[in-house]
Structure formats: structure tokens, C-alpha cells
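Before anything else, here is the set of structures, which you'll find just below.
Consider the two complexes below, in which chain A is the common component and chain B and chain C are the respective partners.
Entry: the complex of A and B
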């Protein structure tokens, strides 16, 4: 069990009558890319929110590297090495891409004097290195609100990677990205995360992306995990095809 | 129109000079209120109390130190240091003990709590300083006056009101803009203002940012009060007048724009001053007429942007 990085046990959370998590047991293995698929409203984002401290489960617990993290604040969880990205990229619009990344680098360090400049050499160099790895150097000085969706997604995830997480949870990293850009975005993402030895969990609706990049797939349905395993096995399961992929294709 | 200017041009010029100092004071208080609201999302009615306590404290400290031989030139730095002291003491106490408990509450609860704090601080102020007017104008007297030509005559203006108050407001405006845009701490404050959730996801300590911002906002309110103290006798009620005017500035300027707050303060200050010279009975309502007219045309304020709510 030492290969388990994050373990959810008996997670339950309901919003009114809707069960977003109804007894979830799920382990995320070190180094893997785990895709979570399922219809909208099934509870996929809720799992990310519970794992990162934005929501507290009604019951059950989540452990990270063997320590309980349920109930910790989002900031405390980030400090332990779990970062996240949101479905809508949360870039700071008034900042350039480079400033956004530098801000993430600085917030990871956490200590600075009140008059420290944002782009002091250490932060700037690290930001530039990350931009280079994500293939974003050409737009380093562009304002965040002027980017196309693919670049916004990558910049948003670059900010999360700047926090040097060991586990990264991404909520629909390809949603809104043009079909022609999608595979390029995911390939860049996968390469950077594998190089940095970051374990990744990502909620995804595009089955081509899942099939190509996920090591395992968890199918979330009505607050439960309906299937879990390698993509080829899970995605070819007739029940999954009927109940989930069919819905995805018509969503 | 040209005839009117010929007849009243000089008077208008004097009104504009008078309005500058008033605008400077309004800006200091309003920009603090704007900053606090932007980051903490709390409408702090007690901001007016911080202004009043800043004024009373500066006058008291000035009177105390003058009695012990403080040279007159030191009275201006004393005003600024008194304000910093008031903000540094009351800011953290209010944020830590009170506001921190109500961040998650509904806006109406937050408003009621800060209003209650305002009422309490008003009474504390009366307990400490009584209801008799207090006046300490060494700073203003030391700087003397300047004769401004008015037709064939000269009208004396105090250098303090003509240069010091607008000067400090401009230094504050430029310094604050530089701090928020160029320094890391400033950028972190802007990040928390823009998107608290994303800032937290990056591991930014929002609690520390809240404390820092509130303390700084409290210092600005106290600075406004301290700098106003040499210009008029201090009486109970100055906090209420100031907070209402500051709200008008923030609402008219829109959230998060410090240059916008400066320009709006200038409009309000000049508007009031022009009213005093030409239609004195309108002095009190001019700022609110400006506010209503602006909000009818731009509900988000002159410089504010409409925020879309994420779902």
C-alpha cells in the first residue's frame, strides 16, 4: 500500500437530496495519471473539492501519504504538496503570464519583505523556466485575459506546477480548448508532469484524451465509482459505454 | 456663459483651491475604505470611527507633546505617526477579534456588526475625549499662509491646506499605485481581491492578506482624521459625516480603482467647495447628487467593471 499517494475512504457528501459522494473508496497511486469520467453532476468536481479542502465530506476521510487531510484548509493542503486547477482557468487577468507564474512561485516560498518586487530574479528565472517547459515563452508578456483558451489552460496549470506539488488535481483541463489544440495541450501537459514526477488526477469528458493519457479511469456515477481500471478495459465495458460514454457523446 | 465666468471666474478659482484640500482628505479615507472592501468584501461602517479616533488621537498627542517642548516643525510628522499608531493598534484588534468571525456571514450581518462597532467606538470616543471641541492647529499655523491674488486684493490661504493636504494625498495615490502594481505584496493583495479562491489554491495566506489590508486601510482612515485635525475643531459626529461621504466616493468611483477614487474625491471636494461659494445650501447634498447622477448612468460606478459571477 506504500504506492498509494491519496486514499479516500467511505467519502459521503450530499447537497440537499443529491448525493455527490455516496461511499467513495478510491486510491490514487504514486506516479499515475488517473482520469475521472462521468456525467455532469455525478460528483467528479466534488471529489477534487473535497481532496483540496474546499468542501468537507459529511462522512469518511481522505489521507495523503498516510496522513489525514480531511478538514484541513485549502492552503494547508497546498503546503503538503497537493495543487489543483479549476475548470475555468483562474489566472489573474491584470497580470502578464510571467507575472502570474512568478506570483505562484512566490506564494510557494511564502516569505518576502513588503517591498520585494514581483519579478525579482529568483522568481522571474523560475517562472521563465516553467514557461519554457510549457511552451509558453512566446506569450510570457501577454496579459492573461488576452490568451486563447488552450494557452490559458496551460498557464493555469503551469501556476499549479509552480507550487511543486507531488499530486495535481485538474478539473477538465481540456474543456473549452479548440479540438485542433486539444491533443497538443494534453501532450505538453503530460510531458511536463511526467518530467516533474507529478501524480495527476483529471476530470475529463473527452474519451480520446482519456484513452491516450490516462493510466487508469474511474467512472463516477451518482456519487459512486461504477468502474475502475485501465482505459481499454473500462471504456470497452458495455455498461460504461451505455450509461456514461453514451451520455458523454450526447452531452 | 462667458459673462458668468467673467463675473465669477475669480470666485470659482478660489473655490477650486479650497476644494483641493477637501478632496485630499476625502481621498485618503475613501481609498482606505475601497481597499478594505475590495479585499475583505466587508462594508466597514466603523471606518468613520477610525477617522474620528485618528483625528482625536493626533490632536491629543500633539497637545501633549507641544506642552513638553515639541518643536513646531515636528507637528506634521507627529500627525502622520499618530495615525500610523492608531491604525497599527486598532486595525489588528478589530480584524482579529471581530471581522474574522463574520467573513462567512451574510452581508447584512456584516453591515450590522460594523455598524455596531461604529456606535461603540463613537461612545468610546466620547468617554475618552468628552463632547467639548478639541483643537490643535500648530501644524497649520507653523506653515503660515500664502496670499492668493483675488482681483485687486489678496486672499490668504493656509499653506497647510493648499499644499500639504493635496501633497500627501498625491504621494499616497502614487505610492499606493506603485505598491499594488510593482511589489509582490501588492500583487498578492490584488490577487486576493480579484479571486480569493484562486489565490488560496496557490497557497496564499488570505488571512494574513486580510489583516495587512485592514490595518493599512485603518491607517489611511486615521491619517485622514489626523491631517484634518489642525483645520477644524474636533467634535463628536465627524466620523459619521466622513463615512457617509466616503461611501459616496466608493460607490461613485466603483470598486478597486484607486485612481478612480482619487478623481471622484476631486469631483466631490470641488463640487462641495463650489457649492459653498455659489449655492451654500447645496453643499451637503452636492456629493450625493453627483453619486446619484453617476449611478443612474453607470450602476457599476465611473471606473468599476461589471463582475460576472462564476458558477
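Entry: the complex of A and C
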């Protein structure tokens, strides 16, 4: 049995004259944490959007556990075990944090029960467990639109984890998080994902985070993968340091 | 506040019954208020998803004309209420499949267009509908019992009250269920629902069908109470009236529509009696005051008072 969970082959997508994906070939291995780095506009988010059904590539295909998922809707892809979080957290603003997570938990059952409460013991307990694991218990009853950016990011990711995915794609999980909180947030995240045996792909701009948590790094440049390998090897590559990390440090 | 909602509902019901007993002419007004309150719960459902329908009078008219057309053949109020609810639900499903593809102003205006098409049909198909003359509805048996006029009116009032309680209770459960909370999610993060595997359009369609059924039930009660149906029931001003009541009552809980409907009907009756030429202006002023000083409507005001007392 192959160890490749997600395989992208020859992905191409252009917006007018801009090539957001220009022949992407990438395999995501089961159990790994794969970081995607690169300058703004390199096509990192586009890759996540294509992998989760939000965008359809002009050419190429994506397979997940050996089955083609190119062109499937986000809903169909979620049901296969791929979840995502967002660069700008997508929380239900008028709900509490606990309700947000509980709704994600309930969505696994299809949410079509009209007469039993969302915060029934089963969903509520699982939501509280997730809140606990993400260190969000203290703000469980706060409205989502009242949270700081770090808490919003964690809640957003917790919602994705509540779907019990086998593959989680995260778009800049630490952007907007205070520098002093960043490592703590990622430590929490890594622990939860490893415990749940979730394979993770994450777009990241902080090289310290990448170096510490990624098993492999893919460097994106102008819609292509410029380098791929272990962090120590990739991040010490002079070309990557000059063309990407130099830019990252100034981004 | 949610905990004392049932208590407040009982209090409002007691006040309505007392008013209907002490001033029998109010029984008619309050029955209409209950019927409109039931229909406005449907508006509340759509507001929960951030959508406003400017055409829900269509379902009220459909329910009312169902009673008018079928009363001679299936002349029992209970049967006709069921037929009106199911018929309006089916119509809501057909129209909902189309309008739930749209959001915001497009959703609102498409509903308005549908209700005006129905209004035109009721006006133009004179042979069947008697056009703007409307159709008279005779007093009908209730659960097989033939009643005199006063007993009949009391029974319709009681049925409206009973339905308000049962439907209000069921909608209250629904709104706090995963399905109801997902409906609220459409208002703030519809995209997220899709990425959770939840079909947002399906969630809205289900709410739309429910709102149509509530409109149909409200319309059936109005027909049984006023005993005369006209195309005006489907006119755009009637849809606006439902939105008016929803804002007046507040969308925070299922009691809001009934508070709003009772206040609306009473203000209208008293304003029309006291200032025959200016009652619309008084209603408009009331709505302005509510929007400016009580954006949560009467229900929001009640909630604030209760909260203040609790502290």
C-alpha cells in the first residue's frame, strides 16, 4: 500500500495572465507535516483551494488515497477526509466558540436532526474536549467575533480538526498571532494533530516554525515547486535563502 | 431570557384570553394577530439566515384560498388547516428550489415577484377566483362538530392559540438544533458550512419550506376568521406587513412575532378608530421608534428589562 495520501500531478491554473499553478507535482506522505513556503502570490493558497474543491484546475489531477478528487465539491472532499482552515478564520461570528466547534462535530452526522439541541451531551462533550486540547476552554462561551486573532486561528483549526480529517490543510495558521504566542500555538497544534494521527500541510511564513515542526518543506515560486525536502536541507539552500527566505524576512 | 420564554408565552396567552373575554370584538383582532404571528415565525426563520422575504404573503394567500376553494368539498377546519399547510409547503418547495439559489436583495425581490405573479393570477382568473371581489367562506364544522357563530369564533381563536404554542415550541427546538444553528451559520459564514460538508442551500431550503407551511397555516386561520378572501392577501403590502411585524416584534425568539403581531393589530385598530386618515402614519412612527430606540424589537426590549431586573 502506498504511503502517499494526496498526490497532485501536473496541476495548472491561470487567472488571466497570472499562472497560479504551473505544473505542480507533489505527493503528501501519510503522517507527515509538510510546510509550504514562498513569497506572496506564488500560488500556495491556490494549491490548498484546488485540493479542497474551492478551485478547479485548468489541467492536471489530484488524487486522495488513490481516488481522483479533482473537480469534486468542497462538501464531497470533506466527506473523504480532507479538511482545511483559513488564512482569515471562518468562524460563525454570532455563535460562541463552543457552538462553533459543536456545529463542526455535529456536521459529521449531517446536521439533519431538527428537534434535538446542538449542545446535547455527545456533541457538547466532544466540543469541550477539543476546546480543552486547544487550550480554549476559558473562552468557550465567548462570541466568536469577540476573540483575539490567536484564539480565532486556533478555533478555526479546532473546527477543522472536529471533522476528524485524515488530512488537514492549513493556510497560514500563525499569521496574525502575536510573536510571543506563536510557538505556543504551534506546539499545541502539533500535539493535537500528532495525537489524532492527522497528516498536515501548512502554508507558513515563519521559518522558525517551519524548521521546528515541518518534516518536509516545499518551496513555491511563481506557481511551481522550486525545492522540496527536509527543512535543514531546503532552508540552507543558497538559492532558497536568496530568493525565498530573503523575501520572507522582508514580507 | 430563553428560560423564561415559556412563562412569558403563558402570560401573553392569558392576557389575550382575558382581552377576548372582556371585549368580545377583540377576539377577531387577536385571532388575526395569532395567525399573522404564526406566519411571521416563518419570516423569523429566514431572518435567522440573514435573508428577508418580501413575498411571503404569497403563502398566506395560498393557505387562505385553499380554505376558500376546498371548504365546500372538505368542509372541516382541521382538514383544511392540514391541506393548507401541506399545499403551502409543496408550493414553498417548488419556489424554494429556485429562490434559495440567491441571497440578500435578490432573494427578497424574487420572493416579491412570485407573490405578485400569484396576486395577478388571483385577480385575472375571475372565473375561478372572483377576482378582486374575493370568495366568501362559510362557517364550517370543526372536527366534525357544527357550531353556531360565537362558538365557531371561539374555537378558531382556541385553535390559533393552540397552534401558536405547538408551532412556537417546535420552532424553538429547531432553532437550537444543529439544523437551526447551521441556518444561522448561513448569515455569517456560508462558505464554512460547505467546507464542513453541510449543504447550505439545503439548510435554507428546509427553512424556506417550513416558513411556507407556517404562512399557509396563518393564511388558513385568517380565511376561517375573516371568512372572506381577496387577492389583496398576496399583495406586496401584505408581505411588507409581515416584515414590519417581524421587526416590531424582534427576531430574538419565537415570542417576538406574536408580540409584534398583537401590537401591530392593536395599534392599527386603535389608530384607525382614533385617526381615520392618519393611521398609516402612526404605524410608521411606531416602526421608526422601534428601529431607533429598540433595534431588538419588543422582544429585545422585554429581554433588556428582564436582564436589568436579574442584575
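Methods note: the second predicted complex is superposed on the first by the 248 of 251 C-alpha atoms of A that agree within 3 Å, B and C clash if a C-alpha of one lies under 4 Å from a C-alpha of the other, contacts with A are read in each partner's own complex, and residues count from 1 in each chain.
Methods note: contacts are C-beta pairs under 8 Å (C-beta built on N, C-alpha and C of every residue); 3 or more make two chains touch, one makes a residue touch a chain.
Note that the structure is a prediction, hence the values are computed from the model and not measured.
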Next item on the list: Could you tell me whether chain B and chain C fit or clash when both sit on chain A in the superposition?
Entry: clash
Margin query: Let me test your reading of the model: by the given contact rule, A:157 touches which partner, first (chain B), second (chain C), both or neither?
Written below: neither
Check: Looking at the overlay, does A:92 come into contact with chain B only (first), chain C only (second), both, or neither?
Finding: both
Item checked: First, second, both or neither for A:203, with chain B first and chain C second -> neither
Next item on the list: With the two complexes superposed on chain A, say which partner A:140 touches: chain B (first), chain C (second), both, or neither.
Entry: neither
Notebook entry, point to check: Which parts of chain A are in contact with chain B and also with chain C?
Noted result: 52, 73-75, 78-79, 83-84, 90-95, 99, 103-104, 106-108, 110, 112, 114-118, 123, 159, 163
Checklist line | Footprint of chain A on chain C - complex, ascending | finding: 170, 173-174, 176-182, 184-185, 187-189, 191-199, 203, 206
Check: Once bound in the complex, which stretches of chain A touch chain C?
Finding: 52, 73-75, 78-79, 83-84, 90-95, 99, 103-104, 106-119, 123, 159, 163
Next item on the list: Over in the complex, which chain B residues touch chain A? Could you list them?
Entry: 179, 182-188, 190-191, 194-195, 197-206, 310
Notebook entry, point to check: Taking the complex as given, what residues does chain A use to touch chain B?
Noted result: 52, 54, 73-75, 78-79, 83-84, 86, 88, 90-95, 99, 103-104, 106-108, 110, 112, 114-118, 120, 123, 159-160, 163
